[in-house]
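In the two complexes that follow, chain A is the common piece, with chain B as its partner first and chain C second.
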Partner chain A sequence: MGRRRTSLTPILFIIPAFLFILTIVIGPSLATVYMSFSVEGKLTLEKYFEVVTETSPKKALVLLPEGLEPPPWGALVHNIVWMAIHIPLVTLLGLFLAYILRYTIGSSIVKAIIFIGMVIPMVVGGLIIRFMFDKDVGVVPIVFDVLGLESLAKTWTSYPQLSLLALILGSVWLWTGFSLTVYSAALHAIPASYIEAARIDGAGHWHIFWKIVFPLVKPATIIVVIMTMLWDLKIFDIVYVATLGGPGGSSNVLALVMYLYMARAIDYNAAAVVAVILTLLTIPPGLWLALRGVRSGR
Partner chain B sequence: MGEVFLDGVVKRFGRVTAVNGVTLRIRDGEFFVLLGPSGCGKTTTLRLIAGLEFPDEGRIYIDGEDVTYKDPKDRNVAMVFQNYALYPHMTVFDNIAFPLYMRRRELGLTKEEIRKRVVEVARLLRIDDLLNRKPGQLSGGQQQRVALARALVRRPRVWLMDEPLSNLDALLRLAMRAELKKLQKDLGITTVYVTHDQAEAMSMADRIAVMNEGRVVQVGSPEDVYLEPRHVFVATFIGAPPMNLIECKIVEGVGPNPALECPGFTRPLPGDAARVVEARGIKSVYLGVRPEFIAISKAETPGSIPGIVYVVEPLGSEHVVNVNIGEDTILKVKVLGLREKLRPGDKVYLNIDWSKVKIFDKATGEVLA
Partner chain C sequence: MEAVRSNALIAGLIVVAILISIFSYFSLSSRIASVGSSVEEIGEKISGLEERVSRVEQEVRGLKETMGQPVETTTPPPREIVKTEVRTETVVVEKVTLTVIGPWSGKEQEYFMEVLDSFMEKYPNITIKYVPMRAEEVARTLTVQFEAGVTPADVVITPWAWWIVEMAKKGHVVDVTGMISEDEYVPGILDNVKWGGKLWGVPFTMWLKPGFWYKKSFFQKHGLEEPKSWEEFLQLLEKIKGIPGIKNPIVSGDQVGWPLSDVTEHFLIAFGGPELQYKLISGEVKFTDPQVREIFQRLVDLIKKGYFSEPVEWTSGVERFWAEEYALYFMGTWITGMVPDPGDLGFFPLPGARGVVGGADYAFIPKYTENMEAAKLLLKYLATEGQAVHVSTPAGKVPTWLGVSVEQLWPPMQDVFRKIKELNMAIVPDLDDTVGGDWQTLFWDQLKLLWVQPDKLDQVLETLAREHPSVKG
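So, the complex of A and B:
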């Protein structure tokens, strides 16, 4: 009896947490998946077909363009474009800044300023992006105005050609602090003798960076790329505040489409479909990162 | 070719002067050891030669060329680091080939020539079967060889080594000592080797520079620094156990020369020491004598110094006998093959080989005779 009780003890400890997760995470998740398949009491793929083939720019996931056209291209495409621009910029900028700031006096002040983007609420970040690209007060259009580039000296968020780009560039500013912090820690862990050995062996700055430093911070690069990918897929607040997906759906993203189905169209089933699609996209990279950590014992 | 000349080199870090006016001439093909306790400036001196630090004063020449402010890569020197600094993400082959790839254009090497040179140097160091492994899969001794190979592969003018053996276990260290010395002699590369281990310095060096507090105290062959220390610091830093120092007073002698009044005995001062002592008005000195230049006996002979055995340290082939000669002065005596059994408390007589005795000024630590 005593032995049986010991084997039950761990389960007793797990039960409260498990019940908690069951009611607030697993239950609603399964309910959402069920809802996405259920139309008038029947289980069908009807809603999926409807949501994926939707062509209204404010709700579309993918719009097939006829030739080279400015956005809207559909929320899913916008998310992919976002990742394609945002991930390399944030990764390289963070690594580059961390690398040059490593040997600079007063670098902690610069790092703190860059890190502000991580600390402020995303809603505030979205508002700042809106101001940053405003024709009258925004720094970006004013700089282009000074440079004489008329086509870029306007309120970016009001033009379908520029609104998505404005949000992506703004999010670079908001997210670089993360990548800078991760890379700073990774660079700190590289023994100085590696760099010194390379210097004596005849490597210049360029070779030291690409042949020694970059391969050695590979674990940090993996973290930065995957976390940024997940952040880009889930992006919502700054889009909601800065453009609400507009103008004309040109800066729409998946999470916002889900919200619009739920809060504007009151179509919970369609919102559930977008939620499931979004989750399916985020699971593989997230799972891969988690399993990689398990394998290497971290 | 590889002659290194440091001319009055000074290096400061903030308020600390790490290297204080070092002048050294390291000859071509020489195995030169910088020896000293931690913080004496020996590693900084090595880094100055490598170009990893720039001096605040003085000049550095390699083969007559002024390299004082040149980048490490323009000096054609190679360095072996204490932690080996092997690039963990590259294979052994890539690690060794790295210096060649970096100078590929400059040296006009093809891929095939690089491969040949890497294999050649790997064979020399007997690591040619490890070329496809990563450093993390190697033992300490193997990593050491890879580091040596990487430093050798581009045939540098000068080979710099920063305590390369200190991360190895004791047995391997002894084996590598001999091997490294042989390798250096076979290849004839000028080598500057930093260590705090006096036994390592003695066994490997052609010449040793003993450093303390940023200065070079003495430069000489291992025999020189061992038998003719110019300073109390060298006398006590080199040798295991170190030189015995007996504190003695200068007193009026019987003859024309003053005498030494030491714990347990009094003795006339030799002529050359007497002149210096009188000229400088020195009142107290250290008498220095190596433990192996004292004979121990249970029988009294003329001129022997009586003492009481304090403790006996057996070291296998030899014994170190600690003898109290009075006034809490303990002399260490090294005896090869102890003929009579000695126990603590035994009365013994010591005979010092006076021809090997050194006399140091107590105030400055400098040798007088």
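So, the complex of A and C:
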């Protein structure tokens, strides 16, 4: 009897939350999927073909027309490039800083400073990136100017060769606070006796880091990589504020293309197609993370 | 056992409650829909009546004209403005609070608030809450809200007439045909908010983009003069380039994109005439046309010679221009309200320019407003008397309504106005604002590219031609 009672009670608790999610998340999501296939009342792949093969610099997902440079990539490729640079940098930088700061006096102040990037609104972050790479007031071009590297002593966000890189590097600053916090917590969970034992056995700092610390913080690394990947895929605010995807579409990203279809071209179906593509890309890492949590009993 | 029963009972009740809610929702929504369609029918009939009244009014005006009575002319502001008597109406409105969304913030908001204050003084029962929202943000948020059948504001003001028309096509905007006398406005200014033979918004005040602004004191100090020919313009740029402390002769505004498109359009109008601007808007002339390429080549030559700066954030561009890091800035008339001493500002168009780009902010009423009558009163006020209030502030605007005299303008703007009048320049619609849609952002973006990579001229022109709505649909 008792077992039946406990099996019904959780369902009763779940119903309100489920209805809420059904209305706010699941319903609109299904409607978006339907909209992406619907053209003049018919279900078709027409919009998908149109969106994927689009070559306008502000809307292209894969490639721009030949002859456009540099490089003639569409928004989806930019997102992939973003992940390829951003994920390793954020992961390694967060781990390295967390490890170094663990043994540094006053590390909490440094951590708080690094964490500022996570606290400020992304729109403000976009503005800061703009100024950070501005020829007259930005720290980056000024440093290159001092070093005598003329080709990099200019406003990065104004040049197609540098605008995407400026945004990616800026986002490293914004997101490193996250990985630093996760790794700091993970490092604290490692028993001090492991490190002490290794030291007694004659292991050096580098050896301890790679052979003991790195394997033990693997769960944290997975979290950092997956979360950063999801963040990179849905990146919008900083691009919108700092470059609006330009110049020449050189820093365009998926979420911005979705926005342009929706608010500028007033083409809701095409916007829905991009939304579905974006969602499909985020599902595998998210699902994998969720299943991993379920398997490990969390 | 009892506990199980009570749990089952609760579960059953919840299921029944959910079913009842769903049933009620569907039955109510169908009833609401039928009531809604009846209301729409009544609305259409009223709007038909309004149209008839408007036509009668126009006929009366025509009769007056034939009888020799004075009628307001349709002369645009730069030529001559005839002061007309403001017709006051006594309309009793219940106490309501209107929410107005407009594109102004900071100082510009203060100037606009003067208009709203004067309206509230005239209609004490109406209180107005103002929400600043840029055109981009309006397009982003309101598009979705309208689709859901709600509106966050009773009156929305935006410079994007194309967007108002797009919303009208989707049935989200109130038809305001007959609300204003169309012949009392700057010719052509209403065309942008017309669709299907109806008017979907009313114009508020207008900005002009008359030419290159300079500091009179700077010109005086360095013995510079306004150019009278293209050659003199080039000589002026070369002289400025040699002045110590000057980074580039002309500052290029950036971040949003329109400052670059403004100066480009000025070149197109100066060397191709106002007619070229119209043809580029309609798509009759392509961007790859040899005439257009030749004009762009002039611009590119100046960029290559370093006469234009690298694109800088446009508001900081004003500050740097005022700090004499740059000597010239192509900007709209609102710059007069952004500098410490507008009396020290002078401007000159490119020699030979026969047109000046002018654009208005437009106000419209979303169909989902619950304060229709009060909203209509405000809309009419903004289109008429409110303009006189706005142009008297340092907002740097001119009226689109011909019922405002030059003397009512803020004094620095009177000088600008008179100069445009002397130069006999026609007012031409803004190219990218008129084409609108995603082509507008593409235009801005391609110009940003051109500014840093002038060698890409042909590529940029091909992209603009290929993506123009007249080609792409």
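Note that the second predicted complex is superposed on the first by the 275 of 298 C-alpha atoms of A that agree within 3 Å, B and C clash if a C-alpha of one lies under 4 Å from a C-alpha of the other, contacts with A are read in each partner's own complex, and residues count from 1 in each chain.
One rule holds for everything that comes next: a residue touches a chain if its C-beta (ideal position, glycine included) is under 8 Å from a C-beta of that chain, and two chains touch if they have at least 3 such contacts.
Please read all numbers here as calculations on a predicted model, not as lab measurements.
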*In the superposed arrangement, does A:K234 touch chain B (first), chain C (second), both or neither?*
neither
*asked:* After the superposition on A, what does A:G248 contact: first (chain B), second (chain C), both or neither?
replied: second
*Which partner reaches more residues of chain A, chain B or chain C?*
C
*asked:* Between chain B and chain C, whom does A:I200 touch in the aligned arrangement: first, second, both, or neither?
replied: first
*asked:* Contacts for A:R292 in the overlay, against chain B (first) and chain C (second): which applies, first, second, both or neither?
replied: neither
*Partner chain in contact with A:P191 - chain B first, chain C second, else both or neither*: first
*Pick one for A:P215: touches chain B only (first), chain C only (second), both, or neither.*
first
*Determine, under the contact definition given at the top, whether A:R102 touches first (chain B), second (chain C), both, or neither.*
neither
*If you look only at chain B, which of its residues touch chain A in the complex?*
50-52, 71-73, 77-79, 81-83, 85, 87-90, 98-99, 102-103, 106, 150, 154
*Could you pull out which chain A residues touch chain C in their complex?*
1, 4-5, 8-9, 11-12, 15, 19, 56-59, 67-68, 130, 134-136, 154-155, 158-160, 244-250, 259-266, 268
_Could you list, by residue number, the parts of chain A that touch chain B in their complex?_
191, 193-194, 196-204, 207, 211-212, 215-216, 218
*asked:* Can you tell me which positions in chain C touch chain A when the two form their complex?
replied: 1, 3-4, 7-8, 10-11, 14, 18, 136, 139-140, 143-144, 147, 163, 166, 170, 254-257, 310-313, 437-438, 440-442, 444-446, 448-449, 451-453, 456, 459, 463, 467
